[in-house]
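Notes follow the structure.
As written, the chains take the letters A, B, C and D, and residue 1 is the first residue of each chain.
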Amino acid sequence: MTSVMLLSCPDQQGVVAATAQFIAGIGGNIIHAEQHVVGTVGEPGAVFFQRVVFQLPDDHDHAELLTAFEPTATRFQMSVDLRDNSIAMPTAIMASKQPHCLYDLLTRWRSGELRMDLRVVISNHPDHEDIATHMGVPFVHLPVTKETKPAQEQAVLETLGDHGIELVVMARYMQILSDDFIGNYPMRIINIHHSFLPAFVGANPYRQAHERGVKLIGATAHYATADLDEGPIIAQDTTHVSHRDNVAELTARGRDVETVVLARAVKAHLEHRVAVHGRSTIVYN
Amino acid sequence: MTSVMLLSCPDQQGVVAATAQFIAGIGGNIIHAEQHVVGTVGEPGAVFFQRVVFQLPDDHDHAELLTAFEPTATRFQMSVDLRDNSIAMPTAIMASKQPHCLYDLLTRWRSGELRMDLRVVISNHPDHEDIATHMGVPFVHLPVTKETKPAQEQAVLETLGDHGIELVVMARYMQILSDDFIGNYPMRIINIHHSFLPAFVGANPYRQAHERGVKLIGATAHYATADLDEGPIIAQDTTHVSHRDNVAELTARGRDVETVVLARAVKAHLEHRVAVHGRSTIVYN
Amino acid sequence: MTSVMLLSCPDQQGVVAATAQFIAGIGGNIIHAEQHVVGTVGEPGAVFFQRVVFQLPDDHDHAELLTAFEPTATRFQMSVDLRDNSIAMPTAIMASKQPHCLYDLLTRWRSGELRMDLRVVISNHPDHEDIATHMGVPFVHLPVTKETKPAQEQAVLETLGDHGIELVVMARYMQILSDDFIGNYPMRIINIHHSFLPAFVGANPYRQAHERGVKLIGATAHYATADLDEGPIIAQDTTHVSHRDNVAELTARGRDVETVVLARAVKAHLEHRVAVHGRSTIVYN
Amino acid sequence: MTSVMLLSCPDQQGVVAATAQFIAGIGGNIIHAEQHVVGTVGEPGAVFFQRVVFQLPDDHDHAELLTAFEPTATRFQMSVDLRDNSIAMPTAIMASKQPHCLYDLLTRWRSGELRMDLRVVISNHPDHEDIATHMGVPFVHLPVTKETKPAQEQAVLETLGDHGIELVVMARYMQILSDDFIGNYPMRIINIHHSFLPAFVGANPYRQAHERGVKLIGATAHYATADLDEGPIIAQDTTHVSHRDNVAELTARGRDVETVVLARAVKAHLEHRVAVHGRSTIVYN
């Protein structure tokens, strides 16, 4: 079996050795490891981050492994996340009317490209029921109005709970989630914003981009937090545009960037490659 | 000889035909032409833009050509710019201490890549006198303090005037120009801003970018206007960065983007490929 | 109505004026035009290419317009293609087992991004019948073996003929088409090759790329010709890869590039933006 | 002090732990480490690669450290390279007439961006003596003809030896080096090829690219080996071009890519980020 360990702790001597020794001690073989220090090594406040992927000759219970690792974790004041790397993550996709991100994620999931256990598609519109059903994913239609928003969010939360969801992907879901909702899935909701943040925060970024006469448009995938468009960024990209592109054309060009950027961020999260530090992320290779 | 005509007028029927007929009438051969309409064709307010490059069998005086074209221009309410496309544009570069954009423009100029008649390098620091002299360009050192700023700007303007400068390139010149100064060269001063505008307007964009945890950094070349960082954008680009890049590393990565973006914008201007409309540009291919 | 005219002829004086006059004469308003000369202007062998988009106040029969334009065309030895630009092009997609390009084109078509009249999906495998049907496109399953190849190609040609197809898109159709087949649709079949041609011509390009240790992989969309992988290139792109990417990972990364490049080429063709000259293309903006 | 260790060995259990323990044992603090396995973990033939950067509280002699590490290295059959990471690498640049790569490296070196101890510029033409001298780098002019080639290469080797050179950068040096010459600096000569290898191997790649009608051009930085254009690739990039770009324009566009790609490869080598395996490279982040 293959396991993945994500850890962080105050930067100090001996962390890598201690972790490597623990893994060797349980018969593990490190096949990939990457470290990163935020701040200046040797100075107060520096924080050490590490992702280690290792193989174990036999199956292990990861809860037991974590218990065995506890003395090391305590000694270095680590926060640790340890996972069986072969388990696909229970995931829900939320979408509205626009199909591009949803279709793309469905295609990648079906082709085996994503380590995702896609359990449900939730939408405030009925449009995508056919494709979800065709792909073999349960579809839950939960329409929403200004008045019914709290109740609808409650229904979404129940659906997520019923399916044991660990990751929520907002594939151009056009509703702003309440802080309460987000608080239930901290750093577990990935949103795609259709601009290169922090440019063009807020509504109609392609219209804003056209008015400003920019020569590039972009997209940003980030964790949803209470501060709209301010969550830690996971992936971004841009594409060249020109004066010939009107708002509709910018929107079409933008869809391609949104699609690729969201897929890249989701993939990184599913493979336990993302660590959050303040409002930044470390995205391990 | 090869001429280039940049024109704009209210969008209407027959403009292309009238211009093409005029050029055919003086024995010209159109070798490249590109049109663009801002707004919706056929609706009020639509503006027509065109760039035409044509060859004439013999030398012509461009002032006389313009006079000959006047009836057509008047008929369609055109603004017209007509140039001998083989004449290199009298240009000044302004720099401070950072060398990357200056050195790059000098190298491109020497290799014949830019249709630029580089007449003077002006700096508020003496550092680059050697390289300018080595390259055969007069170097004028005009130091500046808070107190001497109006006088220094006056001296810069005189230097530009003495050299018959038509284009001023701010190659990381680290002083904010006054509105008065800019008013002397409207849409004739190109600045490079070290971020993907409109993100990270103002000071220390790489520090801002690092704090926000972005995954891309960029650069923007634009015409200098009274509103700082708000002038019409000519060229932009971005490059991928990661959590491993600290502010110094972002700055180094950013220099590469700044260099390429500024060169691209300067080249477009020198070849009469840029038309300004409001706070946007049309950059012809 | 909006019309688009694609023309080419020996480079000579007065072509642009004559065409513009013709269009003005029938009451047309040129909204976009682009010229290109292959070779050196004024020297023998230079060829002039132009694409003109113009609006007409009333509906016209394009056959009649062509007849009216004949004297001009004859005078300048033009080849001309004249189309109603609002008519979606009758198109067939051919696919095998891999879904990514097919799904992407279906999604773009459904979102109205492509001026494509998608009439049929043809495949040598039954896998994609569901999705095609779900999307409302007839699906024709025409399996093929070495022995049945001529008969199967005949059946494909009949299907194309029955549907009045003008453009065939090979969306990762994994059969090599015979010269005879291709001869039926010259410059009317677009293929996606999963490498940056001319690197890694032939089979298993991602394996070849991995063995060579390249740091970029790419994709090429081109017209199918008798010389495999040698047809005129319409669009290409690349993406960065690293030593961490094994063949499977390169293949997954490559799928994203293939998808975007094929869509870009198909869009250009559908909008009459592609002219072929020898084994190169002019792709108008 | 900061040290960097590059190692490779047959893949096996316990390597990471043993190395980390050694570093902890000498009081070192690992600040960055990256592993990579070529082949399949747990199967015969798999090779383990690692780069470790660590800080030591006091200065150490690296030869002594290597001796102390020998038992670990022997036990795991490692090849090891251990360096003081603050020492700039003694480097020579070889150039011909084209200035772009040379000027760019000189500028980066002067701005402190490269950990390079630039000791000499060697050229078969006298053109760049001025700039080298201006920058404070000794310039050695060693002209070459078909007849004098062996003698000239001998003189180059002597110059390299006199200056204690460890890295030779061919910044568009337009002579083909003999196998003998290359044998003196295995994986120590970086060349820039002006195409996206393996496309357009050999002479005049931009002409070849133009004839083939490609929509991208590229550049490849690689170690020079006896097989021309077949050495391990360190860095590559491409840029979009169009039918409007003639051979001269492609060449100009290409210069920008060459410049950036060569600088990227040189930087990676200087920071001990490149490991060679067969004809591929591992380029650590």
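The rule is simple: a residue touches a chain if its C-beta (ideal position, glycine included) is under 8 Å from a C-beta of that chain, and two chains touch if they have at least 3 such contacts.
Keep in mind the model is a prediction, meaning the values are calculated, not measured.
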(message) Farthest chain from chain C, going by the mean of C-alpha atoms per chain?
(response) D
(request) Please state whether the interface between chain A and chain C is built from the same residues or different ones, using more than half shared residue numbers as the mark of same. (result) same
(message) Quick check: how many Å separate the C-alpha centres of chain A and chain D?
(response) 36
(request) Spell out, as numbers or ranges, the residues of chain D touching 2 or more other chains. (result) 36, 242, 244, 285
(request) Please name which positions on chain A make contact with chain B in the complex. (result) 36, 38, 196-200, 211-216, 218, 232-238, 240, 242-244, 278-283
(request) Over in the complex, which chain C residues touch chain B? Could you list them? (result) 11-17, 20-21, 23-24, 27-37, 41-42, 55, 285
(message) So in the complex, the part of chain D that touches chain B is made up of which residues?
(response) 98-100, 103-104, 107, 110-111, 113, 130-131, 134, 242, 244, 252, 255-256, 260, 263, 285
